[in-house]
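Some notes on the structure that comes next.
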Amino acid sequence: MLHITTLHYLVLGAALFLLGVIGVLTRRNVVIVLMSIELILNAVNLNLVAFSRLWGGLHGQIFAIFVITDAAAEAAVGLGILIAFFRNKETVNIDEVNLLKW
Amino acid sequence: MNSIVQYIQSYLASDKTPGAAGNMFWALVYIMLVFVGLSVAVIAMNWLERKILAHMQVRLGPMRVGPHGLLQPIADAIKLLLKEDIIPAEADGLIFWMAPFIVVLAAFTVFVVVPFGPTHAITDMNIGILFMLGVSSLSVLGIVMAGWASNSHYPLIGALRSSAQMVSYEVAMGLAVVSAILMTSLNATGTGTLSMIGIVQAQQAQGEWFIFKFFPLGLIAFFIFAVAMVAETNRAPFDLAEAESELTAGFHTEYSGFRWSLFFLAEYSAMIAVSSIAVTLWLGGWLRPFPNLLSGGIWELVFSFFPGVTFLFFAAICFYNTVRMPKHPLFRIQTIGLAAFGVVLALIGLVLFIPAVSMRVQDIFWFATKVAAFMYLYIWYRGTFPRYRFDQLMQMGWKVLLPMGLGVLILTASVALLQQKLWHP
Amino acid sequence: MFLTHIWLIPLLPAVGAAVMFFFGRRLQKATVSAVCVGSIVLAFILACGAVWQYSAWSSTSDNFHKPYQTILCTWLGSDTGHLNYRTQDGSPAPLQADVGFLLDPLSSIWLLFVTGVGMLIHIYSTGYMAHEGGYYRFFGYLNLFMFSMLTLILANNYVLLFVGWEGVGLCSYLLIGFYFHRKSASDAAAKAFIVNRIGDAGFLLGMFFIAWYFGSLRFIEVTHIAHSGRFSIGDPIITAATLLLFVGACGKSAQLPLYIWLPDAMEGPTPVSALIHAATMVTAGVYMVARSNALFVLAPTSMKTVAIVGALTAIFAASIGLVQNDIKRVLAYSTVSQLGYMFLALGVGAFAAGVFHVFTHAFFKALLFLGAGSVIHSMSGEQDMRNMGDLGHRIPITHRTMFIATLAIAGIFPFAGFFSKDAILWETWSREGGAYRFLWYVGYATALMTAFYMFRLMYLTFHGRPRMSHEAEHHIHESPMSMTVPLIVLALCAVGTGWLGWPHSLGGSDRFTKFLEPVFAGEARVLQEEGRTSQLVAGVEEQHNSSTEWLLMALSLAAAGLGWGMAWRSYRHADKGYTEPIAAAVPPVYDVLLHKYYVDEGYDYVFTGRRKLGNVRLGVLGLGTASAWFDTHVVDGAVNAAGWITRLTGTISSWWDKWIIDGIGVNGPATLARILSYPARLFEWGLVQWYALVMTAGLVGFVFYYVYR
Amino acid sequence: MTESDSALSHLDLETPEKPFLDANELVINMGPQHPATHGVLRVILRLDGEKVLGLECVIGYLHRGVEKIGEHRTYTMFNPYVDRMDYVAAVSNGLGYCETIEKLLNVEAPPRAQYVRVILTELNRIASHQLWLGTHALDIGAITPLFYTFRDREEILKIYEKYCGARLTTHAFRIGGLQYETYAGFEQDVRNFLNFFLPKIDEYEELLTTNRIWVERTRNVGIISGKDCIALGVTGPVLRASGVKWDLRKAQPYANYKNFDFDIPIGQNGDTYDRYLVRVAEMRQSVRIIEQAVEAIPEGPIMAKVPKVIKPAVGEVYHSIEAPKGELGYFVVSDGSTQPYRVRVRPPSFVNLQALDKMCRGQLVADVIAVIGTLDIVLGEVDR
Amino acid sequence: MAPVATPFFFYLLSGIMLIGGILVITRKNPVHSALALIVTLLAQASIYLMLYAPFVAGVQIILYAGGIMVLFLFVIMLVSIDRSIKERQFNSQWVVGIIAATALGGLFIAAFTKGDKIFPEHVLPMVENDNTQNIATLLYGQYMFAFEIASLLLLVAIIGAVVMAKKRI
């Protein structure tokens, strides 16, 4: 156990991913759902960087940077939607975003 | 005993920062030194700000505690530490409690990479300037948390204002920084650096402070940074977050005593930190004036006298004022105190004349002097400018500084490219 | 002229009161004084004229010794008789009450001294109340009182008398509570009112008995029927009626056990105490008993009751008065005590002597109260005698007039009190039977006590060392003329009125008794028919032994002198912290006396329930607690039980409706449809997270496939 | 009539478009305890984000019933009370009151008194403007001018103190003349002050007039047109900054202002910056007036013949002067007794404050502070 | 400089990350969630440093902690959270969700245990000092087009966010 192998990072990443998935699937608050998505993205980033370390290339890190960029865009758009939603319905609960279901 | 001396000597002879050398002990010593030095600097800054502002405003400023109010900051500090620590009942206790620590942590952590000299930094990071900007941007979190946790209107508005302001100006600031970093790549290899020490060394190698590089591009970038850093630290004329006539005291309205003093400490150390960035990026960091023009043994000697002479000058001012003190028994203690302070300054000055000392210390001296000039600018702004309105501030950030920064960046890149292609094919 | 317009006498004060009621707030003080005092002065003049005319009228041969009656109208019931009822013998009778006035010697005496003393006290009040708030209110109340009192006196039937009776009670309430912002004053007023209600209840019942038994409420008719001899002596109905009337008298005239309101009534302004609670109103009980004498003589039990209650009240109140420190309270207990004397006189059948004592007492007691008022006035409101002393030479007029009054009440020859009190004692002595002799001893002891406490009052107030504060001492001043003149006039009366009843034994003619003879003549006859010695009508028969009478006079003089001497010895040099002789001799007795025999506390335990006896609350409050308990537990419990049962049945019924009818019958098919449609809806749930869940499930399947393929 | 209606019609709250469940419009309460409201003014702001949709002033926190007090004091006794209304311009208040009563009595102060009155009143105008300038700049965030103006104002207060012993609520004038004869060296003190003060005005202007941030913060902020000013009854520098050349010292000369030569500075845009410029220019004009007056003080008595017990004939009088903040009018009704039957004051601050809503509509919250500052209100005068 | 005490710091940081992650998805108050997420992100930045990726670490701090999370906090403060705190926090399908996630986790473990052997035993040494320069070279060389696309994506995101969030355009 004293030696930290790539697998350790992968397990950590998987755990974070699962936490994120649970958050996305169970929470009602849109903000926390969005944050859980950030958790998922970070778990992926961790895997990417860990594999980059494993294979000695920097492509994984580049990918991680792109993912972070993506996350920024996603957060901006998601929060924009949230603001618009809140202004119209005065709530931040995702299960009230159900205009399809009448 | 001998081994200790050797250990110290081996360090003194080293040309690496303790962090880069992996020397944990010296790193710890440096951390302590930086922490103490920063606290002293904040205390001195407090006194200086009050005195200078007072003199600008035809007042005397603090005069009672100690000679010319020299002990005023200490008295204030004691008062603040003794004050009751109030956490409002409706506040979010944990976050309210954490916020000042985060701000202070962010403000102090950036000094990990600040190069007071080629070896006088806690560590030299590959991503030094990125680290500084990133960590200093964390203080926004602390401010937002403080404002939100207070559960009160003025702090919340103040926090929103100041965080919006800081995030906005970070963009322009980052562009200015990038244009300076771009200049570090103007070497044979064509690769620049993000390391703080590397940036200064690049200026040394190119024989030119970046403020003068590609005149006026460097100057414009510096100007953008200099404006943005005032906004970044929420100081006048961008002190909307704590605009007294509008928001009482901004995000720290509900704070008192020790916690308030942490915010105070963070504000001033953040000022010093951003000034350090400016000094490092554009003003040649620890480099003395004209290192390439006025080089040679004589000039080295002359410039090595500067620290000592400065301290002696301060000592002389102290002595002069000691003589001018009223000859009244009530003033005897103050007179003695002032004289003693002068003596201490003079002793430090004399010690700084020792070649071994001055050689080690003059880098720090020049760095500190440049930072001090920025500090004076801060005070000067405060005494002179009215406050911007929030929309004007945002307009300034997004519509003036950001395009300017972009333009400067593009121009700098083009000029650098041209220079590389044309003059150094 | 005066006689025919006798209704003007009560009307004048009523007009004054009405003016005060409607316009008083806006009038100047001088106007208020002019209207109110003027109306009383006019009333006094009219009263004098009326009495003068009556004496002339009644000495004519047609109307010899007849009462004068004038009926203005009938205000309760009518001749048409829709308020008819059946009397005890089954004959129908109308319940009728007139606005009618009756003037005979008895009411003449009351009329004279009520208007006379009232007038003096009105004059006095203009000085006394000059600096008080509510000036017009005070005089309005006083005038209203005069109206009520005069109505009471001049009424020709029991109902109108009761109207006046209640009217004076109301005024008494209003005036005791004149300083209504003081809690003690309003409490005292309420106390007086409530205690009087007990007596009034008795009075009303007695009145109903009379109406039922005699078929009329007019005095003349009742007296006539009573004299007709239709009723035997000791008739139980008459006994009951008179006892009930006497309960009313006890309430109004502050006899045991209903005397408790009178000492507290001293919370009112001093002129009120003088007028209402010393001179006039409290004698209404005496008046009523005297007025009903024809009935009382038919009920020997009642007579004995009256005598015993009177004697006991006399000594009881006098003993309390021995140790009281408040100058007005001493006088209040003295009043109660003297009223006891009067009832003693009535009880032994000496109606004339009782009335005589009422008459003299009115003057000297009013004088004492007014003097006390003058003292309080000069002491800036101080009432405690412990803080007085040595006032004699500072307010000389007050001192001298009060001294005369003290001599009078103590029974010193030849002041008024001597004659009336002596008459009562003599009459008591001369009744046969050991019990009456015992009453004489009581009366005699009371006389001794009276002398003692009155001279104690004099010495503590006017002699000895000054014990007041310096500030108060500085302010001492003689009262204004408007106050001293009534004092002087009353002092003259206190000396002279007794001479009207100068007894035969001392060579006098006892004109007073003679004057009253027409009223009490029938009674004398009744008593004679009883076979008893009729010493009561002293002027008619001279059967008594003069030497015995002289001996008794000497004895009572000696008692007065002894009391004086004891007071002189004890209080002559009273300084701060002087010792009470009784306290020094028998402290427990002093304590009991100082606390008025703990009667108020006892009443609190037994009747009001303000104090708990152990854990049990008796009296009115206790009854309230008990009925509240009954209400909450028994009555409400029953109500709640009914409600609970209703609710239970309702619950059962609704349960049936909801689950069986609605649940299975109505909602069942719908629920079935919903359950069946559920799988179909899973694909278009509308919840974003559901889609994410489906995605996750897909991912699980995907990974599962790749891992375990 | 219709014209004035239309001039006021903009004051009606335009019915705001109220979006469905709009979370952004909020009503906030500024004051009465707020550092920028210059006392105890409470402003209820209706905001859309930072934009002001409308506001309402709540006043009366400092009401002391000055007018009512006036009905229960003799004419002489009421004189000191008026100093407490606009306490930063106490001398002007006193001048207005004294002149009103003089008008009622049909007496005129002797020439020497008139000149001294003009000097003291104009000094007072300078002091008032200085205080305004310092606090206004402080509101906008420039902390330094405050100390400069207070330092120079001190010189004026020293002159007052030497003249009458009081610095703020001076009670300098009496009905019919002056409270005191001037002290020896009064003229010299005033001259010294003028020489000292003129360069100081340049100093203020150096700090602010061309300061970019100051200009940005004040120009085009709180604009009000001359027409609106007249419709709302706004007077004083606010009116003049909107381009209306109306100064009671010229329009209805009182005291002896007709003897002096001075200009009425006016602005063009009616914005906060113009008001600043107008007030600074007024300081210079005041200096001019004082210079002329101090050279021409005649000798003579300082009091007209006024009876010891002032009992004016039955009648009423309205008299107004140009106080530093605008038209300060007194309306006094006499019933022939020693006490006025009715005193009504028309305070400039109170009337000018009505323009706040008009000036703040569509501006930002920070501008509200600037506009409150530029109106130069004194709550003691608004609430009386 | 080479990382020291790697296992210790790994377990410390991963513990912080996991606790932070759990807090993110369990806290009632979104502000607390956001702060927990910030802690997680900072710990992850430290793990990047351990993986010789200092530039990614710096970007993580500056963008995630300093940028995105401030945005989150901003939005949380703009929408009123008082009401949502009092409400039910988990939706109706939370049991199913957790079961699905657990199943996924089980499969991950299965995959890791099955694929244990595919990773090389020793890791290649990496030069930290050139990391930033090398990333720059790659980013502006090989990944130039992707970089430009990313910038376009950001622009679109900015415009989209402004359009959606602004009340009146």
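Labels A, B, C, D and E are assigned to the chains in the order they are written; within every chain, residues are numbered from 1.
To be clear about the criterion, contacts are C-beta pairs under 8 Å (C-beta built on N, C-alpha and C of every residue); 3 or more make two chains touch, one makes a residue touch a chain.
All values reported here derive from a predicted model rather than from experimental measurement.
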**OP:** Could you tell me which chain's Cα centre is nearest to the average position of every protein Cα atom shown?
**Re:** D
Original post:
When A-E is set beside B-D, which has more C-beta pairs in contact?
Top reply: A-E
**OP:** Measure off the straight-line distance from the CA centroid of subunit B to the CA centroid of subunit D, and report it in whole Å.
**Re:** 46
Subject >> Inter-centroid spacing, subunit B versus subunit A (mean Cα positions, whole Å) >> reply: 37
Subject >> CA centroid of subunit B to CA centroid of subunit E, Å >> reply: 32
Subject >> Geometric centre distance via CA averages, subunit C-subunit A, whole Å >> reply: 95
Subject >> subunit B: positions in contact with at least two other chains >> reply: none
Original post:
Do you know which subunit E residues sit against two or more other chains?
Top reply: 55, 59, 67, 91, 93, 96-97, 100-101, 104, 108, 131, 167
Original post:
Listing for subunit D: what residues touch at least two other chains?
Top reply: 22-24
Original post:
Of all residues in subunit A, which touch subunit C in the complex?
Top reply: 21, 24-26, 33, 94-95, 97-101
Original post:
For the complex, which residues does subunit B have touching subunit E?
Top reply: 19-20, 22, 92, 94-95, 98, 123, 125-127, 130-131, 133-135, 137-138, 140-141, 144-145, 148, 156, 159-160, 163-164, 167, 170, 191-194
Original post:
Along subunit E, where are the residues that touch subunit B in the complex?
Top reply: 1-2, 29, 31-32, 35, 38, 54-55, 57-59, 61-62, 65-67, 69-70, 73-74, 77, 128-129, 131-133, 136
Subject >> Residue ranges of subunit E in contact with subunit C within the complex >> reply: 91, 93, 96-97, 100-101, 103-104, 107-108, 110-111, 114
Subject >> Sites on subunit A touched by subunit E in the complex >> reply: 1-12, 14-23, 25-29, 31-32, 34-36, 38-39, 42, 45-46, 49-50, 52-56, 58-59, 61-62, 64-66, 68-77, 79-84, 86-87, 91-95
